[in-house]
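In the two assemblies presented below, chain A is common to both, partnered first by chain B and then by chain C.
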Partner chain A sequence: MSGERKRHVIPGEVITSGSYRAEQNTIQVGDNIVSTIVGLSDVHDGSVRVIPLTGGYLPKDDDLVIGKISSHSSLSWTADINSCYVGMLPASDVFGRDYSSSSDDMTAKLAKGDLIAARIVNADMTRDPLITISGRELGKIDSGELVKISPNKVPRLIGKRGSMIQMIESSTNSQVTIGQNGLLVVSSEDPNGLLKAIQAIELIEEQAHVANLTDQVNEMLESKSE
Partner chain B sequence: MGGRDTDIVLLDENGIRCDGRKVNETRKVTIKAGVLKNANGSAYIEFGDNKILVGVYGPRDVHPKHMSDTDTGILRCRYHMAPFSVGERKNPAPSRREVEISKVIKEALEPAVMLKEFPRTAVDVYMEVLQADGGTRCAALTGASVALADAGIPMRDLVAGCAAGKAADAVILDVNNEEDQAGQADLPIGYMPNLKKITLLQLDGVLTPEEYKQCIEIGIDGCNQVYEIQKKALQDKFFGSGEKQ
Partner chain C sequence: MSDGLIIDQLKKNQILDLLKEGKRVDGRQFDEPRKLTIDIGVIPKAEGSARARLGDTEVVAGVKVQPERPFPDTGDKGMLICTAEILPIAHPSAETGPPQPPVVELARVTDRGIRESGMLDMKQLVLEKDKSVIGVFCDNAVTDHDGNLFDACSYASTAAINACKIPKYEMQDEKPVKIEGEFTEPPITTLPVSVTMAKIGGFIVVDPTIEEWGIMDARITITSNSDGNVVALQKGGSDGFTQEELIKCAELSVKVGSKIREIIKQSK
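Coming up: the complex of A and B.
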């Protein structure tokens, strides 16, 4: 990070002025760059953004999300992706191009209440975001524990280059699928490991604003490993 | 509104008002953000003896569907007074006055919120007046903008509300219930302090052009004071504990 350190800002607060690019969650008012949200300001390489501390999930292209099938029509499923928009999963995505609504039974593949790991294909906001489950690590989720955290705390859970989540996974012997929408699926062979991984995630959710969180989580993971 | 006959001395010879304030002094304002678990954002505000609870939901699906706008999100506000908020029981059905206040608060918040980012959705703001003592529209507006920020709705600025007015021939700041009933004028102001823009301006009563100018001036000053408290409420909730990253 170059330039100023991160600062707590609220909507309307001037972050900086001068020739900067106003990026995520900021607007330009005259010469000033103003925050539009409660969060941490980040001035970096001539651009300014604010990392939000509150708010819901807005679908972005290529995001991995975890969704729950809420209903289906003859051509597509809709999935609750923990957002103000529902995910649209076209039937042709699952059955292939020669899908026919008369011969293929959609509920045989995905029924109401099923969990899926999906990727957002198109989120242009003019219609509901299109999602896909074809791809590596995507598809129906059969086992694991669903954990919900605030979508804003997902980057904190992942950590720098995945450091935090790798630490949790390796020390609890579990696998965590992280959806950018704040839904996670934790699975493990070892029930104790599963519980500990969930506790660690809950700790991160609670303490997301604290510095040196990694040490704290590490301590917690080790303390109960005897 | 020529002022009703009452026994109350609105302004004594020392320039002290009926509740002990000076002419340019606001009542004590306290705000707490994030008080409700089930709403996406919330705030509780005490503005003197006014007590108001605000809950914000959204952005979320619009029902009925025909209200949704494909270009932008919509803002819906409901200002409501609890039956026990005033001396004599208030009928809980929305009155003409409540419909009006809901509308003006919605219009006062609209310049601040940036709903273009959420087309086809709605943001709902519910303001519940638990106790009323004059100036509830400003207090509700102030609380609503804190609750919106708490919900993470992008906003150009917070909106602070404070009324100015005239009682006993003097220009006063933050009109209370007695001054509203027996005074000569009431001028509620909604103001975006960083953008320096007025979003709500109503006038009940008669003011000379000079008095009007004075009212605007001290009203904006009052809004700036209220803004500092709004700011503190949000800082306390989000940055209150723990170290900075």
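Coming up: the complex of A and C.
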């Protein structure tokens, strides 16, 4: 069945039938391949998958995420990473191996409500994912504005090899830190650039399912820069 | 509820910086409440109902009226009970199950505003002294939570009670019997309106959004009646108010309340 186009599917909808492999977000029912989520079907090289349009964030190893510190115990912080799982940030990650819960003050480093750029170290789903803030471009975020989009639309925001996000950054003179969990921090010296960048991100979030999105965003960025 | 809400540090700084410049994050003035709309009669089976939208906060109030045995110490007065609950669809932090302390407070503040203002003339709601009185039950359901539930519940309840119809009852063999198809107007004496103010970094703002609510140091809810008198008050949060601030808040509540009272009046 060559030339099968991507189409919008809902859970329970038969995408195709015949000898195909049921991959991401699909199941095989008898001879039919059925979608399990709302998304775009993609039939390719004898395999069928559905690209999700809705849904939450599930942590994957090595993902860069933005988290909000929600509480801490004597050994670790917990961070809200916009998921059904909470991120665990061990105190030793910040204080080093000789961390002692009696002498080191955890809230002096990270307090409730602080934002962090973190990387998922271990997400095996048997317990809460372990995160780290030691590494390049990781750590506490001190400035910028937090924007939330659907985690499924993050790839669209980044674009092919980062083309979309680079276009936004360069034309609005702003920096965007993208968390795979759908949280972004936008910062810019120029308040207008900041506003425009946020508007562009919101446009992508809204129009993620349509074709020619790059042109639309480009048009929007140029129309207001005059 | 909102008390468990954590506002990120960046947002907090942004709100505080803007307040110092005399601005709020959503562009409102310090003494400006969000847009209020009230729809009446949204629940067909209730004797009275109202949906209040305060910005993105939405509350549905329903009034049931039925005969009750009076409390032993108030046999010469009708009964009024206001409740409130936050539905899980209102906010990710809202859960089913027994009400949390902030929700209990919400119900009590809403109830107190209406009760202490004497909105309903309870003496007129007696069928037979010490035997049977009319009970007015106003239940509030928060369907969307964007801060300041106190005021949204107050407006929804006041509007619902103001617009309700009291079925007629007759005592037959010492029992109240409903007369089908006959209704009377509720004995309204005044329209109580609550105004909640938050103290954030020394500034006082009217009708805080959920973000302002999350970072405020203290809050005060003042209910005033149609004559512009303060009838009920509730203070929350860890910080305090100075005498001057209290007087300012009281004046604000009367000023803002009178505008809101007009909206409630027009909704009927």
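The criterion applied here is as follows: the second predicted complex is superposed on the first by the 220 of 226 C-alpha atoms of A that agree within 3 Å, B and C clash if a C-alpha of one lies under 4 Å from a C-alpha of the other, contacts with A are read in each partner's own complex, and residues count from 1 in each chain.
Simple rule for what comes next: contacts are C-beta pairs under 8 Å (C-beta built on N, C-alpha and C of every residue); 3 or more make two chains touch, one makes a residue touch a chain.
These figures come from a predicted structure and were not determined experimentally.
Q: Counting only touches as set out at the top, which of chain B and chain C does A:Asp80 meet: first, second, both, neither?
A: Only chain C is touched by A:Asp80; chain B is not.
Q: In the superposed arrangement, does A:Ser70 touch chain B (first), chain C (second), both or neither?
A: second
Q: Counting only touches as set out at the top, which of chain B and chain C does A:Leu203 meet: first, second, both, neither?
A: In the superposed model, A:Leu203 contacts neither chain B nor chain C.
Q: A:Met220 in the overlay: touching chain B, chain C, both, or neither? Say first, second, both or neither.
A: Neither partner.
Q: Please tell me which partner, chain B or chain C, touches more residues of chain A.
A: B
Q: Which partner does A:Gly144 reach: the first (chain B), the second (chain C), both, or neither?
A: second
Q: Of the two partner chains, chain B (first) and chain C (second), which one does A:Asp114 touch, if any: first, second, both, or neither?
A: In the superposition, A:Asp114 contacts chain C only.
Q: Which residues of chain A touch chain C in the complex?
A: Within the complex, chain A touches chain C at residues 68, 70, 80, 111-115, 141, 143-146, 185.
Q: Could you list, by residue number, the parts of chain B that touch chain A in their complex?
A: 40-41, 58-61, 70, 112, 114, 117-121, 149-158, 192-195, 231, 234-235, 238-239, 241-245
Q: Could you please specify the touching residues of chain C with respect to chain A in the complex?
A: Residue list for chain C touching chain A: 6-12, 14.
Q: Using the touch rule from the top, collect the residues of chain A that touch chain B in their complex.
A: The touching residues are 5-6, 8, 10-14, 25, 27, 29, 34, 36-38, 40, 52-56, 58, 84-85, 125-126, 152, 207, 209-211.
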